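Pasting the structures in now, so scroll down.
In what comes next, subunit A is part of two complexes: it sits with subunit B in the first one and with subunit C in the second one.
The block that comes next holds the complex of A and B.
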């Protein structure tokens, strides 16, 4: 009976081939190369013009209501509100607002507070122009068995990986990745290794994660614990003991099993983790905040993951403090911001083993985050690093700036002074569109047609 | 020749077009040529990963959430509770609609399910332990009659690995299920007229549910590979003493 069924299947498929030819259907949706490149590959991406930028903003005492807030900026040049704040949603209190993350369907936005360890979940699909706070998780520390400082929010199907920066035992940097489901319910805590893995000693520190589903690989980086990130920067750098407590490792994980494969020594607080999504690349990049190095990670001929120190940013002795990075959609370029001199640096990654800095521009007295549109033609910058690490006095500029990038030069599109608007310190950004149906398929799925292999399953038809 | 209703004609047409979309997807991709096996009458189309999936039992699948229930219709048009179909066996559940032609969507899920059903049925130890489930999110067009045609022999109740096809009586009864599972579905509309184009926009999600009705894995197209799913199924069965 089943063989009969299979023959029927083949007949149906044969008919289908004829239908393809007859109907002229032999086309696929356009497969494009890239994106807002820091998003999870499991999240639908905006390939065209983004309509809104959400800015997770730290409240400042004496400015506006003094609370952390999600600020919505209209960034569509065709809108009459282009370059203006159109909504501001206060969450009440100051939590050390830091990073945002989109859910796997881009309908919700998660934001964390590094001090309070609270997590705020916003509905950004019912009315993308006016987000709504739908859930506050205030028992993250208890649920996660003592993890403090929810940092990165990285969506996987039906879940959210949340990197913790610290713990409630010593408030140092040993921490874990904490996994929640899409409804905001706790699932499990996965400690960052503190043992020897793949020939190197893990330090347990954590910061960012990024996943390459094609290789079932997840890279995590490391920063510092609550004791340091809540300390005044000037005080901390003069404290030799405090300066000992920074992460010096990155970890490559088996994403499927959430088990560490290999620890790498990458001294000096490796921060943002980004994968190149260009076909065949399969390399990740990070930069170290304290040592100003650029590291890439790829597999050798035997398939083993290796780390390569491929460049130096500015003069490391000056501690320019490389912070956020943004990789180009084709993996051929990386924007690198250096906080102390307020400069963004465009690196040519055509040869990823020998990248070159080819363009710089001073964005302000300080600059932290950088986000580029899918096509790389629009680049957005914000200023705040941490509430107690931002510069003081006149150098404490707080803004969102958008620039047009033509491949040679950045030209300012608009600028919003977050102090003048009585908002606070501008930190992490995420994009959204007015019509979610306009989103393109998942990044990894868009790539899949060029990367899949076709085969017969073992045992089939036998 | 017996008269065939327009609805049935449409169902057959959609079935062919769905397969056509899949073949289009497959035919345009580089890689080793699709082969027929030695018998010459059976070809299986699957996407294989660029990595070796972890060995069954070498890892633990997360307890993601309780598998939600809801009001559904079976192929006989009988009202049932979705929870009846997600207990007692390892269940693989997908949300589909029969006229979907997105090569990364329902047609791909269909072929993966078909492949898994055949593979699992070759080992009698899986009989009665694993089931497949496809739930339509197009109740207006995917009536039980239509789904019967879409399902074909796959839904034969005598098969060792059952594949049930379900729909709902109305969108009102469907929406709570979609919300509970976190399955986003949008109507695709003409941007000028605002009229529905007859298609849906959705991210394919497939849910692996254990015999205790816990969702243990969720796949999108990126990770929906038969080898991976097979290993996950075995991993879940091993929790109950199954020896691979």
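The block that comes next holds the complex of A and C.
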């Protein structure tokens, strides 16, 4: 059965930290910690070459078996299977497969379905080249008191924070964060505020979370409910009622108590939340899908969190639809994908208050997710945004592409056509290594040992 | 296919008051008090109201497990707190986000309707639910028997059909139970009713009364939205071509669309930018039922009761506010070959339009919150079946001849 335990996780962590300390401070990660796009600071990282990329893939009626599936791609250039699909695990149905999240020990991978609200937990350590489905949670809605659409899976020690996007009362956008333990048992539901907090009105909408353990801070963003994220994108854009129902807020939380500290007005659906891990930075970044703005969040001299609108992506009147972002491991750069024109944009964040777009490349007719390796030298792209938001006809390209990045230009390493392979729509990616002993210690632990203790959620009863 | 499911013999049952009397299989008869402004309701003889059927129907109506993938209940499109429609969508969205052509009609006073759906394709409330249950773009259940087996296997329904009907779940009983609860969604005794039928002189303001005058006279609204001497359903139960459906089908795409990006932030998006997405679907209205060319793009006159709560408006939800609706009719609709001769340019002035909208907002019943609360008495999130119901059924009959 599902083998993960908090004790094992902490034990593994302690061993990893001890090993690093024994080798001397020179071998400790320096200020530039591994990024790996969006990994929790409580998840061990891949420092060197990733061996596999898992792609959470949406089933498409008429394409292969039509089922959602976890696709494993061999991405190690030294492998004879480099750039090839080596495993495909169908989970049954079209659940609106969306995001994946690694467990706190990187031995398990959680994937959610925004439509069915099912959660699938895969064993990715017994044989990382061939994941196994070890648990399906099909009572998320019932357990969470009506939360629909599990989106982000963000590991903390012994826990998984799951953001919900909608609810089962009206399929609108008012939702909550739902806490599970590492075994996949429900613990509690934390509603997103709908009241005034810190001078701004909460709208209750939700999307992503990211934690800065150094500041005991968690940032959450806001998207839209089932009604909209399940609808054809063109139909939605033409529906004035539907367009009124997007999130316009971000929320800074006291992570340990899970209490909202401050609501920010960030109009137009702020999506991915990322913290810079560079020493002394303590700023987070997000982009708004509809208004095409870049926001950063940091503390003022009084220690109060503030939001700053620092940039505009493309021409907002064309709704380029900024979607996934990936912040560099030193906090000095951010990849930003714009779905509608299929373009990735490299932004120089050396001055985070005045970031500049310095490079663009068209990846395909549409592009959504971007994930970069630890050193930023390999950048992966996939295409699917949502099953009914993807383009139709010839523009509905579905692929995984890997590029090499030399700081100036992207050069294609390989490309896999997910329709040609009868797989489906390629969405979220997570990396894995063949040998889990090569994983780096937690970023949170390296930053400050107390952060792991801090991460334990009080009063959760389990 | 559905002809065997309906209740065919109907007679008028004058409903006057709730009664509680023991009858066969211990069901508890129930009757509905018609509130001020509404007539007695016709209840089919073959499906008398009982408390057990009403409670069962509520539960079925609100149960997301009545869709193939357990995500859609009737109440997800007819949201109790949103006027039993969806205030957040123009045209509805079904299972897996599939596009419907039309706005979810409000369920208030549905028991008084003579036909169902915007084009009136279904004559019986008892049968109506099978449309959404089986339609691919709505709840997408594979078959009638699949629905029946699923309901039979859901533990929360154990004993409920027996208490309501004296036997297990059947297709007919599922429809009867849901229709029974839907008939309880009665809403009247509005401020208008208290003024017009209750003779409470101060129930409406002077402006609202002026709006009623426009409604009955120059505005020509009451030509289709009928007001009787003793009650008003605000509908003639007929179908009319206003031109809206014709335009949406014949000229579905615009050069550009005004799109809200955030509160107060709008852009004009060129239609060409949206060519990679789903095109609008044609909709010929009542003609799809009768195949009579005179019915092209005709849609049923909706009741106006609680109209302030049931935005967006028109069969496709394309008009966001009552003000937009008044503007549409002030222009006499949209000219086309089949446009109803009842629609004419009205030339209402600003005061008349404002008064008319004010009057329409007086049609809100006095029990809106109670009806929403009643709907939420149904269990919110019962667990899904762990096995497919057709597999479980096949196994249960294995070995039987």
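Here is the rule we use: the second predicted complex is superposed on the first by the 413 of 462 C-alpha atoms of A that agree within 3 Å, B and C clash if a C-alpha of one lies under 4 Å from a C-alpha of the other, contacts with A are read in each partner's own complex, and residues count from 1 in each chain.
Convention: a residue touches a chain if its C-beta (ideal position, glycine included) is under 8 Å from a C-beta of that chain, and two chains touch if they have at least 3 such contacts.
No experiment lies behind these values; they were computed from the predicted model shown.
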item: Which of subunit B and subunit C A:157 touches, first, second, both or neither; value: first
item: Partner chain(s) touched by A:436 [first = subunit B, second = subunit C, both, neither]; value: first
item: Touched partner set for A:318, first subunit B, second subunit C, both or neither; value: second
item: First, second, both or neither for A:44, with subunit B first and subunit C second; value: first
item: Partner chain in contact with A:259 - subunit B first, subunit C second, else both or neither; value: first
item: Partner chain(s) touched by A:344 [first = subunit B, second = subunit C, both, neither]; value: neither
item: Subunit B versus subunit C as contact partner of A:213, first or second or both or neither; value: first
item: Partner chain(s) touched by A:231 [first = subunit B, second = subunit C, both, neither]; value: second
item: Subunit A partner contacts - residues on subunit B that touch it in the complex; value: 15-17, 19-35, 37-39, 41-51, 53-54, 58-59, 62-65, 102-104, 114-115, 118-119, 121-122, 152-154, 156, 159, 182, 184, 186, 188-189, 201, 203, 205, 207, 215, 218-223, 226-228
item: Complex interface listing, subunit A residues touching subunit C; value: 93-94, 96, 115-117, 138-139, 141-142, 145-146, 148, 168-172, 225-227, 229-235, 237-246, 248, 267-268, 288, 290-291, 316-319, 340, 365, 387-388, 391-393, 395-396
item: Complex contacts: residues of subunit A adjacent to subunit B; value: 1-10, 12-13, 15-17, 19-20, 23, 25-29, 41-42, 44, 104-105, 107, 157-159, 179, 181-183, 185, 187-188, 213-216, 254, 256-259, 436-437, 441-442, 444-445, 448-457, 459-462
item: Partner subunit A, residues of subunit C touching it in the complex; value: 64, 69-71, 76, 79, 81-82, 86-91, 93, 96-97, 99, 257-263, 265, 267-269, 273-274, 276-280, 311-312, 317, 320, 380-384, 386
